[in-house]
């Protein structure tokens, strides 16, 4: 019911935001309507990706999923990068990692924990994912750490270091795909069969219209790009009108819009006691951002002539380190309850305050 | 025997310190005698709290214990705050966390480990506590991190951020009480029954005189306040005479005085191979300070017109992070031996040196 | 085969480097030949140490092993310290820790993992070692942290703090020897019997000629000293000619030379599925450097009038913290696979880039 309103009803905001833009509405209004319009589109994008993946089979499907899984965020980021908002794009990378690990996982554990006294998931995968996350986060934040601890690092050195790091990360990303799809695919079977169950119970048809879904994928991708243009075009004015800093917008606002699909999925399955899947959506999405989206943006930015290094605000470094640390500490034992969920949400709230209070 | 001397004999220092004050003794002498006088009073305060808790039953008793568990430290801190020693109070917060996690837990594991080759405790609780500690410590240190990594944060912003953090922490504290006393009380049964055993074996009478213990509680609380006044009043002169910095006094000296009761309990039960209880006293006390005492002091300071933010010395941030990290790494497997205990004590010693060598 | 070339063939570089030095060859050439000459000497040094240890029995043999296990690094470091290269010596300490935890352990897990789908080792020991490493690393880096977070720490205070830390570390080192050889020796039996197996399979003779091996030990030690003189004497010019900074030489180059023996052993046994032994070589070597070699150098430097404090480059602090964090996170579950190995190697590569790009 709620889901239907979300998937179909909110689509009305696609034309509304476009009309608003054409009629020259107030920036904040266009910003808000295009933000709302992206929510159902992100949902459709991920549905289409998953449907096509099923037809393509585990290997190619997995690859498609791995590439298009964070398509909404990637599109918003490329549009913003093109418009020269490198600061906002960088902030939205850290914000997505923090949001997935703390807010998505936290709400899932909290709401799931209200229904079930204790929920379990596979600690082996949780630990391996934690190690991959640790590497990815360390790599992404290394240029910041180098810049913060050493005086006199030139912008050129930071750019070179960022590109080197980006290449290593994309290699590691390919290795994790090889690991999870080829050499150690059996480790991931538990989660996958649960995911299939989850979908089947929602009654998706066995005969899938591949062509239809490919058209949906392409059409929705275009719409997301379009709406991203409206969002990014009004970003500066709208946030100024709302009294928000660029940092807060990038770290808190944009990721909530871009990750709406993951939020919904992770929380829904957690409330059905499929914690395994819920955790893997939240952690998997963070991993994809750190290992694939972020390095890709560094390389795209370099080609686009909008060089984006990985030199973040030092407080972003603190925030990501904190998020990874507490997410590791909570997920490493393969169990969760409502208190653990609320700890994650509380950490998110505290970091949110800190970003809100950061001076421009 | 030793315990009797401690509980009764040292009470003699209560009148001694008062007389010393009235006769205008040297500050260092009054400081030392009032410090010694607080030791048995802290013991009686915690005994009275526990006795009344038993009568009140698990729920209200637990609440009383949770509120008055660190009463001595709270009283000293409020008196010091009132006298304007915000620096010392802040230092004593980090010092209490470090002291409980490293010195109390370390000595317990070391002395217990000399008697028993390997000691065990529940790793589930250890991990949940570790996660709560991580959140609390992160929250308390966040304003410091924000200030250290960002130029130009005003005192007002730090104060606002500190109050926001304090409110989130008190909410989390209430949630942990709800968790441990209501929704997941069964998880804590093991520790509790051991605690009861411990007390029973020491032969405390089944018929408890509630009125007597309430009078003791009130009387002792007054005496601790009184002695705290003497302690704080002579603090500045005494430490100057001893050649100690304010930071060293706050981080090392005061917490040893304020936590004497926890030290005694944790070590005594560890030597009786009740490691579960010993660890929960040490970690529980740190948690209470981080989740309840510290935020309460921020709020009290704000009302008292002695605004105390959570902007610590950056090295205190390092020290607390180090203490939590190593305590987590040692307690997470639910086992301990003398070497692990000595590692904790060695870390404490090294941090002690570092604080001792810090310039004013 | 490969091993024979390594052990005997490369010895030819001992006379080559000496002749090169006498004939006044280019510095880079002497540097490279003496570096290659050290590789087989380090191998013979560790073989001789082990052979003598077997005769001396577990207690004295273990002590000999613990003292001479990193003899090559110690000799190079003392020669370099004597020549006034305190910066390079400090860098080589952090470099050895990073190299052992990331490169040696990473290559072992990666190459071992290519042959065996999953490899196991004892998590109990891994965790205890991790705790000891945490303490050691914290202690070594504390003076740096104190200096970085506090303005106005004098060189004298840093020196005093470093000596205090060094003494605590050597005490802890003695305690870990006491623990592993006396009070809890049984915990280490698994690894030891595997180690014995490994040696026996390589067919070493049962009747050992003690005198012969002692002569080898003394002779090789002299040669290593000699070659270290050549290496250190040409260090400055050679690295300048190669365009490398002092930091990069110390952190990346020297440790690869000094740790060649550990590299070979750890990787060889990992490929024979003796992961237990492989991990204990890598972690054990890091522990020895942090707990014994580093503090010893501080104390030797003080006596030699070449005072060496423990105030590292802040980025070295970041690098070591990162190495310990990710090594802990990967080794704590007692299992490894090729992906985990490649994560460690990738972290090493990224840190290597960062050190390479550090300005002088």
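Letters are used for the chains, namely A, B and C, taken in the order the chains are written, and counting of residues starts over at 1 for each.
Here is the rule we use: a residue touches a chain if its C-beta (ideal position, glycine included) is under 8 Å from a C-beta of that chain, and two chains touch if they have at least 3 such contacts.
What you see is a predicted model, and the numbers here were worked out from it, not measured in a lab.
Undergrad: Do chain A and chain B face each other with the same patch, meaning over half of the contact numbers show up on both, or with different patches?
TA: different
Undergrad: Superimpose the Cα atoms of chain B on the matching ones in chain C and note the rotation angle, 0 to 180, in steps of 5 degrees.
TA: Fitting chain B to chain C on C-alpha positions yields an angle of 120 degrees.
Undergrad: Take the average of all CA coordinates in chain A, do the same for chain B, and state the distance between these two points in whole angstrom.
TA: Computed from C-alpha means, the inter-chain centre distance equals 41 Å.
Undergrad: Please output the residue numbers of chain B that touch at least 2 other chains, ranges allowed.
TA: none
Undergrad: Can you name the residues of chain B that touch chain A in the complex?
TA: Of all residues in chain B, those touching chain A are 124, 127-128, 130-132, 134-135, 138-139, 142-143, 145-146, 149-150, 152-154, 157, 160-161, 164-165, 168, 171-172, 175-176, 179, 183-184, 328.
Undergrad: Could you list, by residue number, the parts of chain B that touch chain C in their complex?
TA: 117, 148, 313-315, 317-318, 322, 325-326, 329-330, 332-333, 335, 337-340, 342-343, 346-347, 349-351, 353-354, 357-359
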